[in-house]
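Please see the structure below; I have some questions.
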Amino acid sequence: MQRIGVFVCHCGTNIAGTVDVKAVAEALRYEPGVVISTEYQYMCSQAGQDMIHEAIRENNLTGIVVCSCSPRMHEATFRKTAQSAGLNPYMVEIANIREQCSWVHKDMEIGTEKAIILGRAAIAKVNLNAPLTPGETPVTKRALVIGGGIAGIQTALDIADAGFPVDIVETKPTIGGKMAQLDKTFPTLDCAACILTPKMVEAAQHENIRILSYSEVQDIKGFVGNFTVQIKKKARYVKEDICTGCGLCTEKCPQKKVPNEFNLEMDNRRAIYIPFAQAVPKVATIDPNYCTMLKTGKCGVCAKVCTAKAIDYTQKDEIMEEKYGAIVAATGFNPISMKPFDEYAYSQSKDVITSLEFERLMNAAGPTGGKLLRPSDGKHPHTIVFVQCVGSRCSAHASKGKEYCSKICCMYTAKHAMLTRDKYPDTDVYVFYIDVRTPGKNFDEFYRRAVEEYGVHYVKGMVGKVSPEGDKLMVQASDLLADKQLHIEADLVVLAAAIEPDMSARPLATMLTASMDTNDFFTEAHPKLRPVESPTAGVFLSGACQGPKDIPETVSQAGAAAAKVIGLLAKDKLKGNPCVAGSDEWMCNGCSSCERVCPYGAITYVTKEFRMPDRTTALRRVAQVNEAVCQGCGACTVACPSGAMDLKGFASSQIMAEVDAICK
Amino acid sequence: MNTEALIPVVGVITDIRIDTPDIKTFRVVTPDGKKAFDHKPGQCAMLSIPGVGEAMFSITSSPTNTEYMEFSIKKCGCVTEWLHAAEVGQQITIRGPYGNPFPVDDAFAGKNMLFIAGGVGLAPLRSVINYVRHYRDRYGKVDIVYGSRSKDDLLDYDEILHEWMTDDGIDVHLTIDREQEGWDGHVGFVPNYVKELGFDTDKVAVLCGPPIMIKFTLAGLQELGFDKTQVYTTLELRMKCGIGKCGRCNVGSKYVCKDGPVFRCDELDELPDEY
Amino acid sequence: MRKCSTANLDALLRTIAENASLYLPVDGTDGRAHFTKWEDGVKMSDALNTVRSAKDFFFPQTENLMDFKVEGKTIEIIDTREECEDFVIFGVRACDVRSFDILDRVFLVDPVDTYYKNRREHGIIVSMACTRPSETCFCRTFGIDAANPGGDIVCYKEEDAWYFDALTEKGQALLSKLESLTEECDTAAVDAQKDLIRERMDKLPLADLTADAFGGDKLNTYFNAPEWKSLSQSCLGCGTCTFVCPTCQCYDIKDFKTNKGVQRFRCWDSCMYSDFTKMAHGNNRTSQLERFRQRFMHKLVYFPANNEGIFGCVGCGRCLSRCPISMNIVKVMKELGGNA
Amino acid sequence: MQMTEFKPKIVAFCCNWCSYAGADLAGNNRLNYPAEVKIIRVPCSCRVNPMFILRAFQRGADGVILCGCHPGDCHYTSGNYYTRRRMALLFSMLNFLGIEKERTRVEWVSAAEGAKFAATMNDFVAQITALGENKRLEDLRCKK
Amino acid sequence: MQKVTREILLAKAAELLAAGTVNRVLGWKAGEFTYDVTPALFTTAAELEKDFVYGPFSGANFSKYLVKETRRDEGKVLVFLKPCDTYSFNQLLTEHRFDRERVYAVGIPCDGMADIQRIKDQAGDGVSGVECDGDNLIVHTLYDGDKTLAMADCLAERCVNCKSKKHVAYDELIGETGDVIDSHRFDEVEKLEKMTEDERFAFWQNELSRCIRCNACRDVCPACTCEKCVFGNPNSGVENKAISDSFEEKMFHVIRAFHVAGRCTDCGECSRVCPQNIPLHLLNRKFIRDIDNFYDEYQAGAEVGQRAPLVNYKQEDLEPSEAVERSGNNA
């Protein structure tokens, strides 16, 4: 049985004005466990706190109830007071008799009666309180960034600059991501490579950054501060540390017919290749699907020409296991497949291309050396139709496409239109749009320049059908403002394909036990207040894996995620919230219900041997809560059919005791 | 209407003595300061705290104490935990006496007595020991072997030192399980100590303690030549109603609360192995 | 022997009900018979027996024992016992009548259970002979004569009339109040019915079942019998057999915190429940085998050991028809009987 | 009818992050609602076990209301989604047993919705008052 | 469809025992009167030969026994599963309640099991034996001679409203598996829904007031395999051994139904075993129907690893305030 002190606060007249505080203190004196009950003007004042302090000492109190303002106001204050008097801070309960009583009721009698009942409920609860101590876990001072695009690079650089080691895992042979494929960036029209590649180099040369390119995350175990991650380094058949990136092998390789994914397969590369000139690491990679040597054992040209002797056909995939304190997901995006949108004839004509393909066509390092030529015949297109929102903003009931706005298309289309008109003033450029969305610094000005200075024809309306006829593309569209049908004979059609999260995100989310929305974008811990954290502690989000973003947004979010990581890694130990769930192993069924509702992945299972009451031994699967990860929501306690799972500080018995006290 | 065995009377805790870290001894009287009822050595009483529960405890004070009853209670379960948190002046309820007593006036009369207890097992024996001390002339020589985990776990240590040990014709043999600073007495487990002491068989032995201790001590006594008919013990008190009706303490055809808790060891052989 | 024409039965029941609460088996909405308070228009069931036994009248599933008022450190005990009002249970079968005798041997031995005694003293039992015993009946195994069911008044139902005979003073007193509705008669019809009943009892599938192999001295014969393992193997550990059993009398005492004080109540408990013997000290019957064995050993060995050889089973057959897995005392007796 | 006499007992479970803060805001703005409402603070609406609700009725509550963050705004991201399913099924079941459907309610109240909190409580108390005492889920022993 | 007979099952069991595939068999053991069949564990072909039965009363669902059985021994246990049992089997697997590796499951087709109460209601009390004769049952009675009843009229409620003849789990199948059936199992629920609140209250008050808290429904339920039931746990706040107040029976059944909601496969065992004939399955079916109505159609146990509706959600789920109306309850 507890020895409880009750302290009723007047809060000046805030409480005492509508509640007879003396009567409350008197009535609560006879509640079970109460040994002292008193009132005072301002409990939160130093004098009030001293009074509580003294009372705890003098009466050997094991718990206190403060009847005062909202616990959201002063719970922390009184917990500190209790702690200073040697009482566990979690042996404090607050009865909210101000915000939820004196301030909402006018009648003294009614207010007093309710205050007594609220006090009684708090006493009933504290009678069942147990001292709680927050758990502590050490932090591995190292971060993992998954994805080597601009988001990942920026996050890694910021963390590394703060002095913490970072690994970047990138599945491709080089970092750089989508940004490396872009020609120019809006709204400034500076060259993407010019601003990205210095960052790539900086990352490569940073003493705190290790780039694990051509690698994949295979398994993640552990929790905030203590993740253990298995990373597969795929065999690239070239010794990374020896290859000088001279490129000789990529010139001599006899296998010339490999579609070049960097240029979106609009040209070819060799079986041994360096994706692009500024690749980081600048190391050759052999594509095992095309290399004759690897497939038939006959060739070996690259090994012969390599002066550094870097070629190693016997290389195997390598699994490494590393420990991290924090993980940043920066898996990025991809344009969606255009297959379901055949009304635009993407599969029928080479001259219907996506915007990303258009980027490559315009890029000096692209398949056409930067000349805008039609993929089908290499001729100059004179009429170009841009179609916006291909697969974006679709109805929820549509059989294809995404419901959301892909956010970047309006701006890059304006950029494409403008660049086209700038380089080739003889082309007619049409842009079909539903709405033009330009909420960003200098965005609207940019779009207006395209219309006003560059004479791009912006047409509000959708393209209904594109049909190849001869070497032309017949575009049927509607102009909603003019309310008429348009028929345009185009040479090139560019589709602003919606973007979607990279396919690697879903399995990664499963490994991280991080939640995703229905579109497979990572869910943030709180949409407003914690936008760069995932609900899983220690897992952070950077870039388009959380939702469509342009480059400046991505970079700022990357920095924010880095700041969160730095804040975490700067701690030596993590102190948890002690009000966490706990499972009674003897009652646990191992049924996984709790695990399924846990938003944090805090619950794992072990199979243990138990000595059963009937003296037999049995192997039983039981839940274990990782207190460092649990945030104490209590979802598991209700999902658990046997009641094995309970929440400290809000135990079922405590809540029911409150219910009983209130209904008395 | 007739008195009902299940309806208790109110008792007041007038004194709480801390015996060991997990055993306290409670003194209980009625609100008007009297003993709640008379009892015989070895009998028990049902104590309860309304809303918490009822539990059976052996009465550790001797019947010769006409002023109050005492209960030495080890913390295990909700009733005992509640009692351990109680303060002097707390009211509880009490009913009894229950169970059969030790045959102090027939089978034990005129005999040399050997009491062997382990841990809290001294509690039920204390009643008999003090009864025997009170009627000292009715019994022969008395030996008491008492052991515990440590010196701090010895029950009624003051009484043992200052009353039992100073009585004529009573030999007290104390032992603790492990060496301990400030202890110059015997160290070792009770069953071994009994064998070491090597008692004559001209005695009635009374045993109480944890089941494992009883098992080995009984074997030890038999080695020394004791017959099971010379050895008495008292069983653990797993009971609810206390009056042989609720069916809980049923062991074979016996009800521990009614036919026990005191059994002669040969009687126990007749019972199925379920206690 | 007195006789009441079937046409007059309602009037007879009404007369009984004027002086005391009258309970009799009535078909419920579930199509099964339950003891129900008689009121005008209530029709007596033709079923052989009720789902629950008649023990409920004397040993109800739950009953308040006393109340406590707790204030600060003080406790007030409130004796809530009240003198029970007279009641009549009509149509009790021989097996259930015997069960009262068995319960008496528990509750009326010193110290007397006054709650039980109170009801027992105020209850009048009108028994009824069984003309159509069921395949699950084996009361004869325990020396019960379904043709002479006992009670305070015994009754025999024929097509045209009901025959009553008082067996006790209580019964005599009640029967005398019914004089105007009954007439003195000879025993011919009843004797014929008794012969029929005995003839039918002989032909029951369980007619040959005997309890000779059991008794108070058979502890060692059966306690460690290997058969317990297979018998108890599929027992679910529910309390169905216990709760429908007319002789099972294990109970628990529990406290309930009301909004004002504490109510101490008694409720049925079952030795089949895994926590039945679980106490702060531990549990002495931890496996279902032990619990299962306890129930049947109690009926067939322990109870007779303490009660001049009277078995704790009355052969009513309720557990035979109600056990979810169809395990029952008959199967236990047959399986173990071979060990005798 | 003794409508004026009847003072219902109402238990309100409020999640710490939204509804409890909303109740505090109602207090800050001195928005009246009946004193029959007593609030129990829980970390999240998903902490509320159906057993607590039945317990409240057993102990004499006439109405039980559960308040949490608006769907999508849960502090723990998904807690109130589970609450929503659990309570939808529980309420339907209670009503299936003939318990008045008005006795139970779930309301989403954000930390900014002090006015909504007060209005909700006023409405709920009026509803329960009109409905009268909880008879169908009462435990007579508790009322003794 | 191949008719399953005792002989076929015996042969299968003997074969698997002999091959060492399994070392014990969960099967039905003959009783006194044909209908009182008991689940039992057989370890030898001889034991099986002596006592194993299979017939219209071999209805017990064995899946729950596997929880304990797979903990006990090394080696595999053979279990015969009717289509409805396979759902319980899967559900238990989903909840990791037993070790699949230790079970050899033989699926057997089922035409429905008989309910002795229904037989007795038609044939009268005193049924000394029952024999199968094609689609009929020949019932031997003590006083009225033999009676012939159509099997269709003797089926247990759960078989009348059988939801599936499809086996969703097995290692081996005897005969052929069937299809999920478009059953009328929700008709009774719908009937209750259409009643007024008051009528429903009166209905359930009458039904549940018969409850004696014997716990048979819980103890037989394949979803109720909790290591420690909340109703047996003094710290749960709902522990109570017997009904002391009409509140308790409602609380018990609501909580129990809620605990198995989304996990109940509608095997019907609860109603079968209730000694007081309370139609408990209606509570479970109400939950199933509501789940189907509110969310997506869901059959517990249809697949291993399904996410039960109560541990799942959608952003667009209905609000509790809409539940009563959507559920079809007449308010």
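As written, the chain order gives the labels A, B, C, D and E, with residue 1 at the start of each chain.
One rule holds in what follows: a residue touches a chain if its C-beta (ideal position, glycine included) is under 8 Å from a C-beta of that chain, and two chains touch if they have at least 3 such contacts.
In this text the structure is predicted, and so the values were computed from the model without any measurement.
Contact with both chain C and chain E is made by A, D. Across the assembly, the mean Cα position most removed from that of chain D is the one of B.
Of the two chain pairs examined here, C-D and A-B, it is C-D that is joined by more C-beta pairs in contact. Each chain gets a centre from the mean of its Cα atoms; the one farthest from the centre of chain C is A.
Rounded to whole angstrom units, the spacing between the C-alpha centres of chain A and chain E is 45. With centres taken as mean Cα positions, chain D sits 54 Å from chain B. In terms of their C-alpha centroids, the spacing between chain A and chain D amounts to 35 Å. Annotation for chain C: residues 252, 256-257, 259, 261, 269, 274 touch two or more other chains. Multi-chain contact residues, meaning those touching two or more other chains, occur in chain A at positions 597, 639, 652, 656, 660, 663-664.
Shared interface positions of chain E, i.e. residues touching 2 or more other chains, are given as 230, 236-237, 244, 310-312, 315.
Chain pairs that touch one another, listed by label: A-B, A-C, A-D, A-E, B-C, C-D, C-E, D-E.
Across the complex, chain B meets chain C through its residues 1-10, 50-55, 76-80, 87, 89-93, 236-241, 243, 245-248, 250-253, 270, 272, 274-275. Only residues 518, 586-593, 596-597, 605, 616, 618-621, 639, 641-644, 652-653, 656 of chain A touch chain E when the two sit together in their complex. Against chain C, the residues of chain A that register as touching in their complex are 30, 613-615, 660, 663-664. Interface of chain A with chain D (complex): residues 70-72, 96, 98-101, 103-107, 110-111, 113-114, 117-118, 121, 515, 523, 525-527, 535, 579, 597, 599, 631-635, 637-639, 647, 650, 652, 655-656, 658-660, 662-664.
Of all the residues in chain E, the ones that touch chain A in their complex are 71-72, 94-97, 225-230, 233, 235-237, 259-260, 263, 307-308, 310-312, 315.
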